[in-house]
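The two complexes that follow have subunit A in common; it is paired with subunit B in the first and with subunit C in the second.
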Partner chain A sequence: MDEKTVSVPENLPQELFARAEFHEEKLEDTGFSNYSYWRSTINTFFKSTTVKVVVALVLIMAAYTVIYPMVTERDPYTVSLSAREWNLPPSREHPFGTDGVGRDIWARVWFGTRTSLLLSVAVAVFEVGLGVVIGALWGFYRKLDTVMFAIYNTLTNVPSTIYLVLIAYIMKPSVVTIIIALVATGWIREARWFRSRILALREVDYNVASICLNTPTRRIIGRNVIPHLVSLIIMDAALTIPYSIGSEVFLSYIGVGLPADLCTLGNLVNQGRSAFLVYPFQMIFPTMILCFITVSFYIIGNKFADASDPKNHL
Partner chain B sequence: MGRYLLSKLGQAVVTISLVMLVVFTLLRFMPTAGYFSKEQWKDMTEAEKTAYLRNMGVLDPLPLQLKNFVTNLFRGDLGRSIVLYPNSPIGGILAEKIPYSILLNMISWFISAAIGLPLGVAMARSKGGLADKLGTVYVVIIRAVPSIIIHFFIQVFFSKWLGLPMLFYIEQPISWILPTISMSIGSIAGYGVWLRRYIVDEENKDYIKFARVKGLPQKYIMWRHVFRNAIVPIAINIPSDFLLMLSGSLVIESMYSIPGTGGLLIKSIKAMDNPMVQVLVLMYGALSVLGVFLGDIVVSFVDPRIKLVDSND
Partner chain C sequence: MKEKIFEAKDVVIKFNLRGKVLTAIRGASIDLYHGETLAIVGESGSGKSVFTKSFIGMLDKNGWVESGTMKMDGVDFSQYKTEKEWLAIRGKKIAMVFQDPMTSLNPVKTVGEQIREVITWNFGTEKEEAKRQAIELLRQVGIPEPELRYRQYPHQFSGGMRQRVVIATAIACRPRILICDEPTTALDVTVQAQILELIKRLQKELDMSVIYITHDLGVVANVADRVAVIYAGQIVEHGLADEIFKDPRHPYTKALLRSLPQLGVRGHDLHSIKGSPPNLYKEIKGDAFAPRNPEAMKIDYVCEPPFFKVTDTHYAKTWLLSEQAADYRRELEQKNGEQELLPAAPVDFSSAEKLVQVKNLTVQFKLGRSRFSAVKNVTFDIHRGETLSLVGESGSGKTTIGKAILKICHSSGGDILYKGKSVIGKLPRQEMAAFRKSVQMIFQDPMASLNERAKVEYIISEGLYNFRLFKNDRERQDKVAQAMRSVGLLPEYVTRFPHEFSGGQRQRIGIARALALEPEFIVADEPISALDVSIRAQVINLLNKLKREKGFTYLFMAHDLSVVRFISDRIAVLYKGQLVELAEAEELFAHPLHPYTNALLQAAPVPDPDVERGKKVAVYNPAMHDYATDLPEWTEIRPGHFIRANRAELESYRRRLEAEA
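Right, the complex of A and B next:
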């Protein structure tokens, strides 16, 4: 290399060239940083305005769906016998109007949101939970590979809608059936995903380095492995929710969903659909709430995935 | 190459047998009411029903039933529909319906590849820019909003705005437009978002940076290196996407009253026609496994590394 290309600034202050003093207490300072994985993740996550707004709205809505059915006196199942109460447009008394038999859509939407949220949270918990446990076993015991890959191929080569429809068709329609059908078709993907994450984490350079530096295994698992997995778990659970809600709508559309007299977002959307051309509000309101939930959880899941990646931490 | 294909073929055969076993076992738990037509169910006594079921072979032990089903399958006999098309051979019903599904799926597959792949390239090129942001909004909407709602609004509003027919008529090609749009919007998003991601990943690799430093033209780098590598993981899914559209169109076929196989599955489920459900589910299973196998073949043409690995053995 040509030496002339290295330019030296001329007026550097002299004190930069002073000899550093020896401080015994600073010997241990090397490599210390006050970096905390969770603090950085949360900070990065909430840096975006979209996330702040969406999380706030989701929390308000979740609180409302829990509180409303407890305090309201309006029964979402009460049918009105007088035709004057049927198909009313939105008004002060009925903010979302009433349906074809005079039931208040506002009440039905919030009862339905509660059912759908409970259902999808249950699916997320069981699916991701099962996936983590089986994926961890699969990752640690390589002998399971043959069996697990056979199961994996059997379950994933066929579109999950087919299994979903089949299970929902065979069993009696109920909330439990839908949960079982969704978990049964979804757990294997989670397991495969966690298996590959765990395999990769075991061999990753910083863990090999930690082992060489004689870091206790407890510390490796606690600080290097678990934080990584927990953020994956949160992200996956968040992304499972819109999928479960969508599947519930799909199953009620093809007629193997929850019983038609139960309030769920799927049932409300499908019942509103048949009256859409005459009374569009009967479908629009439930659909708005439903899309709001699915889109928010999708955004939260993806933004959290970005935030949990240390490469995006500042 | 030969060994690679052979192992993939073996895998496909194993998978398809397992799928058949699982589906067949699951279907034995179906309510037996699905083996009777409405009149039979009302009029028959319990003893008659049992005799009827025994005669059909439904009460036989599972392995025997499976054996009978498979031997009949090889003879080309798929069984008979009971409720939906009383006593018609299922093979004949399918032969009538499959062409409709194939026609629409072909069209929408071409549309989604023709729009989705350029979308992915455009999004990757303008990373962080306008095209990328618009594309992301599209992808979020398609992925997060349940597809039925999107299909429904397409059917209702597009037919109103564009003056297109709301239902499908084979003799009016103009009525094919809405169903094919509905069928392709999902896979457009899929192709777009994955291709974007693979291209971005590939562009960040050292050898690309090196090629750029070396002064190779951007166009050459994009086509010779980035695109060829980024397309591999997409190519593996093309055949199964193609075949899976048959099942993705379950809802769309029933919405537009397209007389294809997807709508047929929904109708058979609603009518509780067990033999129909069984054959259709197995058909979808077989098609999907076939799709995965074809994907492995396609990838061996697109990805030269597979040939190399084999010849090194």
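Right, the complex of A and C next:
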């Protein structure tokens, strides 16, 4: 540090060595940072190539399942009486071949995907929605603890398959029944999970400040707590989708799912299974689509969870 | 001059943050001499931690050393990349002690094992031998019963003891340089004094050089031989401790020293540095401090100053020292002729209405099956218009008392009266609303006290909505703008989100939120402890201004006595949930009676090297009181001066007061 006095620029104009103007108001602008939670989350999320590819594929597939049934003339339910149309291998005419009664599997797969996606999105929305609301109340009102834990223990200690089967037996098999059955077993887990999140947020200073300002609990939950959980809610919903599709497949597989004549991925896999040894493609194609949906939603959910953590906002 | 053992020269450190490259260190240089203690002082974001972390290759993964050299024993290690290369330096030559002792220790391993591992790892010592050495290290850092403590886990240690363990692991490999990064910031003042003492002792015993990073000028005065002041990624001034404290040359150093709350004069505004430290996103031209310096010269905005020599050991990076600035210097000197400020006479509030009365307040918490009293039998009054400070260390129950008064925390016994009416238990809706409107809180941590997902407009309007304090939206906006202006922020900022503000600004937004309701009584829970030194004065001045203009009554909590001296009318000292002493502020400083008050007063570091060097650390040991038969009572020993003592102690205190008179 001894030789650092050197390198003074020569010939500095003397008039610069006088008082400069001082702008007090301008100073407060220096603390300004342009960090934005959502922008950073989205940027981090789309930084990975995997995410870009998977999201693009899912969007294309979702769009296709919506558009295809509208434009196609092929009816997935049309049975052919001619045995020549039965169990055809994949060809230009039938990209995924036909099944044992001559129905086009390509058409059935996309109709089925549409049903399954709609079903799982509905389950995700209701399950997570119910979970958030009940979890918030559970977290904020200590008195609910006893009741809620009793319900939680009862529902989670009995295998969920048993309810699924029971509800599916009691009610008429339909899409609504499956949604009710899946939501009825799933909401409590979501509620418990959100409760623990909310308990951690509840004692934070800005909530205490809101209490001091006499803000009603309803608004504390709505304005202070839920907005902090939005990224978690999205992640959770994304992870619920593959789980519900899987459950639908499982229920159809054991025969208490949707009516067997309805196109769903579960029914397709189940029907393909019976012919698997002779015509493996009848099961392989629907299963591939099923795997793709499951894996891609898992990737999206997990990558989003990582991206929504401010620690990863680099 | 002593032998130079380490030299960092023109270091430039860059970070890649969200797609942008930021320069955190803009060409900083330091030298370190054998056996000395160098303190690096700076605010948060000044780059002091980043700078020293780069010496041991521990920059975050998105940061790198762009240029410059770091030399030790003739080897430049600034461009080391691999862990293997760094192992030759880290721990063996340079070791580091971090701020938070809990995060530097592994919670699932015994402390002994953690130290032993370091020894075995670095020297390949036999297990038994390493264990013996580890126990010896624990003894060396002042941990009693080291054989027993060796087998314990970090959670069984108190904060101060944990920091001692961290220091033991740091010195395990006999480093020649010990870097201490705010090692006492997370600790209580009395513990802090002990840790500082320990580091000094170890430095002598092990013949180390110490680099001490801190924002606390009191600590600097205590430990440093030399001081380097860092601002916006550059060292702006360095010199011997005496030179920096007594003859600061850089405008930033001067302003920093003048804005210390310890130097405040009652009834006058503290000298405060306006604005916030520069943001690294912005390009810095010329002298980084110029925009905050009312006395800056035009040249400061144009051209970066070089270092000018003051003495052989003292250099400052400011154009003020240039020969061409001689005229301007004279002009400043004439204008700033030292004028002695006379402290305003203390105001006696005892005849004013008792706004808050706390009577035998007890707060208990359930801890498993047992009960634990956080607050025991606390009694005090707060008169309208006064500022009462509650001073105590962490765990003393000061926040609990504040929250019990605010009805956020339950109370287990006693009574709290607000405007003469009891507010314990459930209140009728209307009364509760009226109470909420007139009592508000200011929080310690400005980062946690604002809702990140709401705009400032909503945050400040929240209370206005709850009490319908406006006729139409126009009136609400006016009220928000008025609140913003009274805390010194531009009303245009209301459309921004909290994360767009700096810590000090956020704290002021929190104050504006409370202000909008026009409360009468404000509980301020350590409102300045989390703020930077240059920001503290702003917030203290603001609180004082509001008190003058709006007639607020404050309950002010702090852990450091010296800080509250000039803002408080009366001070109460709290120890483990019990009040031990309460008196008018100046009276308490003139005649501290209780040994704990004395310990607190002595432990607080004073920003004056002469005072700090000769200081002995007093440790308060509650066992010194003989309360077996003669029970202590809360007694008024002099008018307005209360103390918790038994009869024998009162006797001796009275004698002492007489002798002092």
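Here is the rule we use: the second predicted complex is superposed on the first by the 260 of 314 C-alpha atoms of A that agree within 3 Å, B and C clash if a C-alpha of one lies under 4 Å from a C-alpha of the other, contacts with A are read in each partner's own complex, and residues count from 1 in each chain.
One rule holds for everything that comes next: a contact is a pair of C-beta atoms (placed from the backbone, for glycine too) under 8 Å apart; a residue touches a chain by one contact, two chains touch by 3 or more.
Model, not experiment: these values are computed from the prediction.
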item: Which of subunit B and subunit C A:N214 touches, first, second, both or neither; value: second
item: Greater subunit A contact set [subunit C / subunit B]; value: C
item: Touched partner set for A:T78, first subunit B, second subunit C, both or neither; value: neither
item: Partner chain in contact with A:S274 - subunit B first, subunit C second, else both or neither; value: neither
item: Partner chain in contact with A:S91 - subunit B first, subunit C second, else both or neither; value: neither
item: Contacts of A:S196 with subunit B and subunit C, given as first, second, both or neither; value: neither
item: Partner chain in contact with A:L12 - subunit B first, subunit C second, else both or neither; value: second
item: Residues of subunit A defined as touching subunit B within the complex; value: 150, 153-154, 157-159, 161-162, 165-167, 169-171, 242, 245-246, 249-250, 253-256, 269, 273, 276-277, 287, 290-291, 294-295, 297-299
item: List of subunit C residues in touch with subunit A within their complex; value: 16-19, 29-31, 62, 238, 274-279, 281-282, 290-303, 306-309, 315, 319, 322, 324-325, 327-328, 331, 403, 406, 408, 432-433, 436-437, 439-441, 443-445, 448-454, 458, 462-463, 466-467, 488-490, 493, 496-497, 499-505, 510, 513-514, 517
item: Subunit C partner contacts - residues on subunit A that touch it in the complex; value: 1, 4-9, 12, 14-20, 22-28, 30-37, 40, 43, 204-206, 208-216, 223-224, 227-228, 313-314
item: Of all residues in subunit B, those that touch subunit A in their complex; value: 11, 14-15, 18-19, 22-23, 26-27, 29-31, 140-141, 143-149, 152, 156, 244, 247-248, 250-251, 254, 265-266, 269-270, 277, 281, 284-285, 288-289, 291-292
